[in-house]
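Quick one: the structure is below, questions incoming.
Chain nomenclature is as follows: A, B and C, assigned in order of appearance, with residue numbering initiated at 1 for each chain independently.
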Amino acid sequence: MSTAEKVGENVQTVAVGFDHVYKAFVARGRRSEPVLALQDVAFDVRPGEFVSLVGPSGCGKSTCLNMVAGLATPSEGTVTHQGRPVRGVNTAVGYITQEDNLLPWRTLAGNVELGMEMRGVQRAERRGRAREFIELVGLAGFEEHYPHELSGGMRKRAGIIRTLVYDSDVVLMDEPFGPLDAQTRVILQAELLKLWQRSRPTVLFVTHDLVEAIALSDRILVFTANPGTVKREYRVEIPRPRDPFRIHETPGFGELHEALWADIRAEIGGGAP
Amino acid sequence: MTATVAPDVGRGEAVLARTAAADRRRVRSERAVLWAGTAAFGTAILLFWQFGLGHLVNPRYVSDPATIAGRVGELAAEGEIVRHVGVTLGEAAVGFAIGSVLGLASAFALAQTRRGYAVFEPFLVGFYSIPKIALAPLFILWFGLGTTPKIVMAALLVYFVVFVNTATGIREVRPGLLQVCRVFGASRRDLLVKVTLPSAAPAIVASIRITVTRAIEGALLSEFVASTQGLGYLVARASREFDIATVFAGIVIIAAVVMAANGLLRFVEGRLSPWHGGRVHG
Amino acid sequence: MRAHEPTPAGTAVLDATRRAHHADRAAERRFLVAARLGIVVVALAGWELASGTLIRSFYVSSPGDVAATLVDWAVSGELGYHGAFTVTAAVLGYVLGAVAAVLVAWPLAVLRTVHRITEPYFLVAYSIPAVAMGPVFILWFGIGMTPKVLIAAYFVFFIVFINTVAGFQQVPTGLLDVTRVMGASRRDQLRTVLLPSALPFVLAALRITLPAAMIGAVTGEFISSNRGLGYLTRAAASSYSTAGVLAGVLSLSVIVLLMNLLLRPLRNALRWQPDVDVPQAADGR
């Protein structure tokens, strides 16, 4: 067999599948040589699983999410969602992007209702569900505020519940807590876990933060630098429910963090410490 | 707890090659569509104007491209065009030079005082609100029918735009930059030469480029009001004589002159300030 | 985050800072008002005194003469008659130019290829100084109101057009991607993303183009007309009345200032967007 072994065991049902995916593209605007972003990426995600993709910047992790969402197409290989290849924009998944991408001209409540509106949910139900989620993340009282009137953490919360509120079976998250300060980050991780426990969607989570990946995931895939490919897979055996505030103290955390860091360091070219 | 994976490298090369080829094809076909579309659209307009428009309205009012092209040729052959273009461009150039130098100088003078800009702001807004064309007769009363009133008008239009942009550029220098340099022990002169000037430069350069059009406009405008030579005179005279072909020929020449001046300045601007981000007011 | 009550010492510092700040601001305001008034008084007095002594009053007139002319015009009804004509032409041209620009820009902004094909021609048209089109409109439509309206509309059209296209094209792709994944149709996207995102640019253009329309109308009147403030100013010039020219210039400036004030609320029309930068401003002509 010339291609890589598939990562993931006992695959009965697969929520998201990457079948030997390659992706090359030409940077827009410039006349430059094409870049191979992904090379022979192969992994499966079981329904209800929380999987993090970690790796150096520019290793194509976000491209993976874009392909599940149908915003990008593989140059070769297939990406499947619930066993069917993704063709065109995949409106069955929820996508939480790096920027909060809230509509500046809609209030918090209006933004949270947006996805349900597109899916034709009745107004009364929309209102109710939006209010419920807004209360869940402690944003009650800010319903009529516009995004520019909210703090960074509040906007992130809004961006997350806006997607979770319409119950997709697969949720893609691209460094959702990227620019936040350290405290807010941990608070939001805890809130995300709480929300996730409610309906347990499948999550594909891109992050740079190894602690965050350990705190949240069932499984962590380490990507190589250019071109991106799955270098190694780690299972996180820490039992749930987890507490992101004390994740450092959990048995097994230290070894896992060290192993992950060693892998990443090899990729970013940092030699011995 | 872990599983290692060994990827297939050879297929990566193939994917790269295919993507490159597909991208070249896409770029080529896109360019072809654009060229063909642009050419077809332009040809359609000219053909319609030449053969169709005359049936809809009196041809006396709209002339046609062939006649206009002929007029441009005649004007060029008589050498008349060179004279008019020279006059207008000369007025615009002198006015441009005077206006931009004065604009720069007064903005920097004002920046030397702490509250200068705040004091003068309402007057500036007032002067900005004057429709400058209304001043044309005044300039003619003051300076007669020669080139002076045209130069003054061109300088005036240039002056305000350069002044406002330079003043804004100076005031928008990031306070952090000035602070850091003050801590380094920079003198007031150092600050002006090494921080304020370079960081205001993109806005200044951009404003200077857009004012070239303003200078030409100013010269034309006063030539319309009263003059004996220049492109504005050519068009105004033709218009009084109901010679629509010459009017359009004049406009074609004006557009060509403006575009050439713009292109030249864009080129110079690209050479002068390789960094960008200048916002233009006015 | 929990806020703590300041200690008495902290409160004292806070109060002192507040008082000092208010005092500073009051002093600053007094200085500005005094300095500006001083400039006005000195300029007017200097002008009045110099006129007829240092410079022939034929050239510069004098503040008194200009004021007298304005009062004359106001009493005889000329000011109202000509002002109404100019303002009507400007407002009609403004509406015409703005509506036409939005109607042309909208489809072009959505159909990218068509826009890229037509763009060079718009650039050529934009390179023609609006002033140069004056004689053409006068030739076509005579010396009445129509050519003035059209020249004003021409002045307005390109500014609104460029801003509207820019407004549609600066829509962040992130918003488009996110709404697509949510299942938005093209119509949904137009309603929820494209139109609201372009709106501030259109409003900004509308805010700055009314004075441009005014300049357009006056330009038309200067080239050929028998009514309007531009005509009045030019007529004064033909009879060598410097005071008349200055009175005309002054009344036009006041109208433009008023228009700017009138449209200023547009700046804060959208609660979600404090303000927007305008790529192409119109004033300064």
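By our rule, contacts are C-beta pairs under 8 Å (C-beta built on N, C-alpha and C of every residue); 3 or more make two chains touch, one makes a residue touch a chain.
According to UniProt, the chain labels map to these proteins: A = ABC transporter ATP-binding protein; B = ABC transporter permease; C = ABC transmembrane type-1 domain-containing protein.
For clarity, every value in this text was computed on a predicted model and none was experimentally measured.
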item	value
Contact graph of the chains (line, ring, star, complete, other)	complete
Greatest separation from subunit B - chain, by CA centre	A
Pair of chains joined by more contacts [C-beta pairs], A-B or B-C	B-C
Chain centre separation (subunit A, subunit B; CA means) in Å	47
Whole-Å gap separating subunit B and subunit C, where each centre is the average of the chain's CA atoms	19
Of all residues in subunit C, those that touch subunit A in their complex	172, 174-175, 177-184, 188, 192-193, 196-197, 199, 270-274
Residue ranges of subunit B touching subunit A (in the complex, touch as defined)	1-9, 11-12, 15-16, 18-20, 23, 27
For the subunit A and subunit B complex, residues of the former touching the latter	2-5, 7, 20, 22-26, 31, 33-34, 36, 39-40, 42, 75-76, 227, 229-235, 237, 259
Parts of subunit C lying in touch with subunit B, wherever the complex brings them together	28, 31-32, 35-36, 39, 59, 113-114, 116-118, 120-121, 123-124, 127-136, 138-140, 211, 214-215, 218-219, 222-223, 229-230, 233-234, 236-237, 240, 242, 245-246, 248-249, 252-253, 256-257, 260, 277, 279, 281, 283-285
Subunit A residues within the subunit C interface of the complex	69-71, 89-91, 93-95, 97, 99, 101, 103-106, 114-115, 117-119, 146-148, 166
